[in-house]
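Should a chain be cited, it is by its letter among A, B, C and D, assigned in written order, with residues numbered from 1 in that chain.
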Amino acid sequence: MRIGILTGGGDCPGLNAVIRAVVRKGVEHGDEVVGFRDGWRGLLEDDAVPLDLRAVRGLLPRGGTVLGTSRTNPYALEGGAERVLDTLTRHRIDALVPVGGEDTLGVAARLSEVGVRVVGVPKTIDNDLDGTDYTFGFDTAVGVAMEAIDRLHTTGDSHHRTLVVEVMGRHAGWIALHAGMAGGATVVLVPERPFDVDAVVAHCLHRFESGYSPIIVVSEGATPREGGQVVATGERDAFGHVRLGGIGPRLAALIEERTGREARAVVLGHIQRGGTPSAFDRVLATRFGLAAVDAVHAGLSGVMVALRGTDVVPVPIAEATAQLKLVPLERYAEAEVFFG
Amino acid sequence: MRIGILTGGGDCPGLNAVIRAVVRKGVEHGDEVVGFRDGWRGLLEDDAVPLDLRAVRGLLPRGGTVLGTSRTNPYALEGGAERVLDTLTRHRIDALVPVGGEDTLGVAARLSEVGVRVVGVPKTIDNDLDGTDYTFGFDTAVGVAMEAIDRLHTTGDSHHRTLVVEVMGRHAGWIALHAGMAGGATVVLVPERPFDVDAVVAHCLHRFESGYSPIIVVSEGATPREGGQVVATGERDAFGHVRLGGIGPRLAALIEERTGREARAVVLGHIQRGGTPSAFDRVLATRFGLAAVDAVHAGLSGVMVALRGTDVVPVPIAEATAQLKLVPLERYAEAEVFFG
Amino acid sequence: MRIGILTGGGDCPGLNAVIRAVVRKGVEHGDEVVGFRDGWRGLLEDDAVPLDLRAVRGLLPRGGTVLGTSRTNPYALEGGAERVLDTLTRHRIDALVPVGGEDTLGVAARLSEVGVRVVGVPKTIDNDLDGTDYTFGFDTAVGVAMEAIDRLHTTGDSHHRTLVVEVMGRHAGWIALHAGMAGGATVVLVPERPFDVDAVVAHCLHRFESGYSPIIVVSEGATPREGGQVVATGERDAFGHVRLGGIGPRLAALIEERTGREARAVVLGHIQRGGTPSAFDRVLATRFGLAAVDAVHAGLSGVMVALRGTDVVPVPIAEATAQLKLVPLERYAEAEVFFG
Amino acid sequence: MRIGILTGGGDCPGLNAVIRAVVRKGVEHGDEVVGFRDGWRGLLEDDAVPLDLRAVRGLLPRGGTVLGTSRTNPYALEGGAERVLDTLTRHRIDALVPVGGEDTLGVAARLSEVGVRVVGVPKTIDNDLDGTDYTFGFDTAVGVAMEAIDRLHTTGDSHHRTLVVEVMGRHAGWIALHAGMAGGATVVLVPERPFDVDAVVAHCLHRFESGYSPIIVVSEGATPREGGQVVATGERDAFGHVRLGGIGPRLAALIEERTGREARAVVLGHIQRGGTPSAFDRVLATRFGLAAVDAVHAGLSGVMVALRGTDVVPVPIAEATAQLKLVPLERYAEAEVFFG
């Protein structure tokens, strides 16, 4: 068989491990593997590269994606789908393995409907894709954020300062929740629950009274509320706040003003998504890649591989991407015992 | 309520995180928590320490266990069980939370049968306890082993040497399997499958021919076979081999002899079980601790907390410890594509 | 003898290692060691704690300072010096070991002039103290920044984005220079050389043309220039820019605007100064502590210990703090070969 | 100019950083750089590869050496020197930059005497080369060993076991000394001072009595003494001890036997010399590479670059390699305060 592979959307530690696993497993089956560059752009513009054992040597520990990535959506372009199908035909691709998030998998599902054999591999560093227990990259991001929090504990206590750590998580607070629990943060603020600035300030004052310094973990997508109103996020742009580091530095400024004590922000940004994957993510990404090739050979299509407990299983893409996986109230409540 | 807690068996990264979570959650419920030192010995000899918020401050990232541990079994001692019950009565303990492996939980199950309210927390760095998807400490151990393998790749290739990494795993090869997959080892040898020394030697020669150097991950409990016979492990003791690093250095010596090229062994030993837990293990250990207190307040007994998918649930101890969780053949086969 | 010790100014990985070494060495000499809390405040307000072997157990790997720190200056307070001298007399202190930067050592020098036996230990994470080759904490900060840069390479290339990393360094660019060299940054901007924004933008465009993504390391104290003029830093305050992450995010915003491609900032902030010290810093801090006790017993005063090559030697405080150690032009030029 | 470069002897983290720096700086000068494979073998057999900017991209953080290495000595082969000179002529090499230890630099010095322009770069992970304050790779090795010791502290104390860590250092104990100081080991055993087994056993018993567990760091080249006699190292071979992990496991076995308590060994082996270099080593290796090209262009020969304080300077090879740099007694004594 000839298997095509591409990576779309934001990059994630583990993408290269998936590519390597697909090639290693494919070669064992006697398949040929073709990589398309920069997500769907590679299929639109026929930018392809053959992937053999040599091409994937040394890829396992490397962050990023050797195939490149983009946010190109063929269905948003006039004649885009046709060009994708043409390219697939030209390369005699029997099955396509797109690795990506909601958007990439959405395109995959539509191609599957028109007869392309497609087996997706889910990817989101925010871990907000329904249908799989975990996605690779998430554990690495949590680890990077936890190490940062670990480092802040000693310096926070030495100086009696508030420290605010802004982590990734636009719609879902999984990274903040796990990193906050793992690092022993004193408050975790997630997009799922708009937060009251004054309640956070009160918490900080309470911590200082107990002789300790507050460490606050905040998702980039968390939204502050004042007097019961979500603070209009429109002003953000006017003041360029998002560019200037977003919610973390803003929150630190507010806390400093209202507590009368220094507050400092750390913005981890892209160091959460770059670099070598953790062991958990390398194993998960590798198993996803292997399972995708198995699914292809089992004749499946319109599915993505997913982790359920300790098993990797195929699930329908449509089902798995129907809704975002948000932090449920009870998981957030579980962590609240540590805020106080 | 008054809750007793103890840690038994080999230490594991995450034990202190469990202790902290039990205290934090207990205090929220208005409970008092009492720690018993060195596993069941603390209950036999009434060696107890009250645990309040101050006592658990800073524990989350610390390896080892502040309560100490031992392999003492009260049922192996004349009148042991009675002394344990006496101590529990003396301290007015309403519920006991033993954190440990098969042995510790076995004692817990028996105490539960005579009326003690017991909620166990499973612990095994080898991840070989049935009834829970993962135990804390395992992810940390895999991470340590993977980092070692990462480091060996460059030096192996620069010198055209065979490198053998001995990892933990007496009966089950989980650490070897995951670390080997994550690190890109070229052969993984596990206790579940006695291995043929000459097949390993042949693999090494094959790797050298392809221009690369073999990296072999071997569980401490893996057993070599020669000519279809498991090599008698009795001689080990006679020659003190186990003390001298065990299977890893022995295998390296055999490979060096039979390939005619240098082979070197790394014995990771206790660095796999010491030190700060990974984010995964800190979250899991914390959730186990929280769930144990919840189970106590729900009136459960004779259960242990367990990870199933992303949920932490109570399961009967008896059921969960009925048999070891070995690496199934299909999981091992999944990885074999990378040996070649 | 009775030796007093205090830590002043910003905290640094290695402070606890100094405290431990002073106590271990002092005890060997038969000395008693007394710690004063929060820098000079502890001497002003007689806030003291005896330090024995037990008190320093486990301190070596811990970040921060168990003695706390402050920026209190006794000479800035009416009668401050007298109160310090009174406290020293009350505790029968024979010699004082202040650990700190320019300010702390300045007070030490003045006390020495009025007859107090003082042996200082230099501390500045920015490495800008003249008279010593290195100060502890610097190597750790460089390591944290380098790891961040390492992580950014893969994600930068995958997305064709500019990434800006803001590191510590108010007056001297040592952290930026070393982290930038170690991490393979494409431009390093230091306080010693005001930089031209458009030259940086031109560099970014040039990098994109070569197919790679720019990674820019900028010291917090670096100052941008436009049209030959240093951009007035007064506006910073008006716009609260310093609080909002400072130069890093501002520079990213400018680059994004002028290159027309996404630019993102990482602000490492306090994670550079928190957490466990590197091996280099632990050895240096330990040797500084040992040498300080040796200097005390040798009857020296008005000196600080300093690293010269591989030797730790006493040097006059006045001489060592006469001027800041800036990055010399030739060291900066040495690195410029990598910008291009 | 045309500059040749090769790497000889054992590999070290930082070799690739040297290669990259030589190429980057050379290209800036308008030079062409040619790499010879596997040390002097590449010059003997004319195995060369041109090195341009593309060839060294991404090399900075990579362990090992892309040029490969060997222990080939052209002067040990009939006509070897002539073949080396022929190859240099054939490639029109104006200057040669050999990166290596005592052996490699010895060949370099002899070639310089017959008129080849040679600027060496010193390399020894053991840090035992006289004439330079530090060599790259050493700091990385110390860091790996320190992290291992950090991990052992918690598990040692939890189980009341002796833990023995065997580190590199055949003739000089620098790695053991620095890692032991940085990790808080309780005894450090170095090749420079044959040690008394019973003194070590007595130390372990003393530690256990104080309630703590001993952690012993031992150089691979340290030699035990019994009753005033250095234990004949001949028996080692008879029992295959060196292959079986060497002094570490043997010492652990002796301690277990004589203290009556469990003792375990960790053999770090090649993980100390593999993997990504520390920031210190990357900066040092890079500066060595840059300075070598500068020295070439300054017309120097028969020199190697060396670190003196914070400066990188050229020193005569002959002088720098005249004797090994051993741990001086006073440096060892400095650390002894921590054994007790």
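Going forward, a residue touches a chain if its C-beta (ideal position, glycine included) is under 8 Å from a C-beta of that chain, and two chains touch if they have at least 3 such contacts.
From a predicted model like this one, the values you see are computed outputs, not experimental measurements.
Of all chains, D has its CA centroid at the greatest distance from the CA centroid of chain A. Summary of the copy comparison: rotating chain B onto chain D for the best CA superposition needs 180 degrees, to the nearest 5. Rounded to a whole number, the gap between the C-alpha centres of chain A and chain C is 34 angstrom. The geometric centre of chain A is 40 Å away from that of chain D, both derived from CA atoms. Residue positions of chain C touching 2 or more other chains, listed in rising order: 150, 153. A ring topology is adopted by the chain contact network, closed into one cycle in which each chain touches exactly two others.
You'll find the chains touch as A-B, A-C, B-D, C-D. Those residues of chain C that touch chain D in the shared complex are 24-25, 28, 58, 60-61, 133-134, 139, 142-143, 146, 150, 153, 178-179, 181-184, 276, 278-280, 282-283, 286-287, 290, 308-310, 334, 337-338. Across the interface of their complex, chain B is touched by residues 10-11, 62-65, 68-69, 144, 147-148, 150-159, 161, 163, 240-241, 243-245, 249-250, 252-253, 256, 264-271, 273-275 of chain D.
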